[in-house]
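Dropping a structure here in structure tokens format, bear with me for questions.
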């Protein structure tokens, strides 16, 4: 197997010269539920000077199987992701959960297979969550976007704890014209999504997401943002069920200035509600 | 096979080895014979006795002790009397035998005749005990007390109020410094120093503030089972 | 203790619908989380100390047999006795034997989770010895005939109104019209009630936070002083402790003490840390006449060398459950055995089997908050995942879940087919959901829609749209 760079070489140094080749890991939820998040990510990366490639051989990162204890199937999916992305400078996902899966867990999956472990390590080191990549690697300090809204922000667990994504989205949001951030008390507490958890233990998940929805509403913010579509679908679904008017969007949509379409869970063609 | 052999055997089987012998065992024996300090927080570093004493007093107050400072041991009885009067507590104390002894005959209570002073341990009926300490830890406002002929443990727990007499020279920075003094002071007779072993008293109590509980709806209440009040008298010596 | 972990879902259902319990659980946040955050912020070395604590325990576990033998030597040299027990039954019998030999009528008890693990109280009662819990929380739940719901705040699930009822029912010698409203009232009443019991106790039983190899000392950490009085005033002192509580030296214990109270209650030090070394000596004015350490294995030695060894670093601070959103939702009793919360979700299947406790490692979102606060850096989510792997390998997970996984895997490893399937699903759901933007119910997704709406897909997949864009020449 030929490798574009020696497997143990460090990732390209921060703030790479020229136009880095970035593989966009779309994530299965964005692909299926909200492609606009993928295009927002694409725009942000291209605006920052990246050459973005979207490998066609990607499906899912394998987390559903991994968290269900099915390592054999996880390895099969992971091997596919590794093969699809290992030739690129970076892998970027609009999700802390999927990026965390690749970065933190792929290498351990192949602990018994040194050759694969090396390839997994190679890809893992180059994998970033979107806002973290923009800020920490590319050094982006300002995005060209405007949204007249008071937003609140939920820190999705994997991004926060596996990848230390906390300041980066806030830093970028602070540059969005017209946007005000009202911090969410308990922003670091899980929303109750947890992948298959939310359907295996719906009652407990309900309690968690109900608490979360109540705290969101109490901030008085008109829009909720987060960096992971799984959590967003869960929180949007609960806010809708409770009849709350809060709009829900992926942070990338706001940073890319792509907030014309309906928010998550809103009818197609509905007036977005935010003043622009 | 005895339970002991079974358990030790199971541990060794899980660890994939037999009993430790030779060099590995020698290293472990060495680790026990000359205990090393681990990471120690910086907060007490670079302080002299005065600085440590001030820090100890601050930390003690943080954990809900009251603190008095007096110039000499002679002033302790009056400080005790004044404290009891201030707090509206009965003018009765039981003192540790250690405070009745000492090179200069112990505390002189003759100038506080209104105080009833008993010497000994506690049967649970006393209002207030007065005890010495072995050391005081500035890092956390912690008192170290050891059990002995003249320092019974009951005095630390049974009375409603506990007054601890701390001499400035007993104040150390981190807890490890207290253990250092403890090992040196209790080195085995005939040994060259603490590395030849030391005698552990039956009880060592580290006490950081008065007794408390949060078991009723997480609301902190003083005086759960031990003393409700812990008053520290720091003596410049 | 009989486990109800198999009924976790039912237990959780009842807990979620118990308004009193839900009110009581609100205290976890203010009582523990905020205090911990403050005290940790006040110690710059806290993160480095976590590394040190982890390293000390790892060193101990790698040399556990050595340190246990040294501990035993030093206990014996100080006139005490060590009793090695493989099983809960052996430990119970040994403790009863000591009580019988001393013709004990009552024993006082300091808080001990290992005593809960071996079901000590019931056993003593069955054999004519009355155990009296002295920790206020333990005392309350003993009156209520309940197990603890938290490892350091056993009565956290009880409100003061409930305690008032219990005290009036049990303390019949007191004025029935007395005031029982403020926490102070309860604390004072329990203090007065328990005073005489300490002195009358034939045996005092405590747990241990540490066993110190170099000195043969047992160490307990309390805020009330109850355990300390239990071991001082009982005529014999029996310590019940599990193997992994050992640390080499006083210095090692000191390091871990810096982590323990901060992680547990948000204190820099708990009020009392008491070291017991052997029975009363000729020069002592007080203290117990006998000193026994009952060392319990109960499956721990078999955890060494496995992917669950790290769990034996646990110092029982409860930070994991204090920060766990699942624990906060359902409380401790739902877990169905002695140890609740994330540490219980790993330890319980290790001690009573994954067949019995399989729900526990599954009932986690893997949010990782437990690991982020664990002073011993135990990778709790990773170990819960290991249990899910074991279940999957043994075929213990539900057939429906296995079938779903197989189907998912079939598509996920065939990108072409996957594209087709997602195109169809996304298109169908997108069209159906266009008007409302969401589904309030959906066949096959009732686990989701039973409690929340499902936002509708936008209608086309990213990959289809992207291919179109590329065909039109790239950047829009």
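For clarity, chains are labelled A, B and C in written order, and residue numbers in each chain start from 1.
Definition applied: contacts are C-beta pairs under 8 Å (C-beta built on N, C-alpha and C of every residue); 3 or more make two chains touch, one makes a residue touch a chain.
As the structure is a computational prediction, the values presented were derived from the model and not from experiment.
> Tell me which chains count as touching both subunit B and subunit C.
The shared contacts of subunit B and subunit C amount to nothing, since no chain touches both.
> Using only Cα atoms to place each chain's centre, name the chain farthest from subunit A.
The chain lying farthest from subunit A is B.
> Could you grab the centroid distance between subunit A and subunit C? Build each centroid from C-alpha atoms only and quote it in angstrom.
A distance of 32 Å separates the two centres.
> Taking each chain's centre as its mean C-alpha position, how far apart are subunit A and subunit B in Å?
Chain centroid spacing, subunit A to subunit B, equals 53 Å.
> Residues of subunit B that touch two or more other chains: which are they?
In subunit B, nothing touches at least two other chains.
> For subunit C, which residues count as touching subunit B in their complex?
For subunit C paired with subunit B, touching residues are 24, 27-28, 30-32, 43-45, 48-49, 52, 56, 62-70, 78, 84-86, 90, 134-137, 140, 153-156, 159-160, 163, 183-184, 186-188, 190-191, 194-195, 198-199, 213-217, 223-226, 228-229, 232-233, 243, 248-252, 254-255, 257-258, 265, 267-281, 283-287, 295, 297, 301-306.
> What residues on subunit A touch subunit C, complex-wise?
Residues 26, 28, 30-36, 38-39, 42, 46, 54, 56-60, 62, 64-71, 73, 76-77, 80, 157-158, 161-162, 188-190, 192-209, 233-234, 236-238, 240-241, 248, 261-262, 264-268, 270.
> Which residues of subunit B touch subunit C once you look at their complex with the stated criterion?
2-4, 6-8, 10-12, 14-16, 19-20, 25, 28, 31-32, 35-39, 41-43, 59, 63, 97, 120-121, 124, 140-142, 147-149, 152-154, 156-158, 174-176, 179, 200-219, 221, 223-227
> Quick check on the complex: what are the subunit C residues that touch subunit A?
On the subunit C side, the touching residues are 9, 12-13, 16, 325-326, 329-330, 362-369, 371-372, 385, 387-393, 397, 401, 405-406, 408-409, 411-413, 415, 418, 422, 425-426, 434-438, 440, 445, 447-448, 450-463, 465-466, 475-476.
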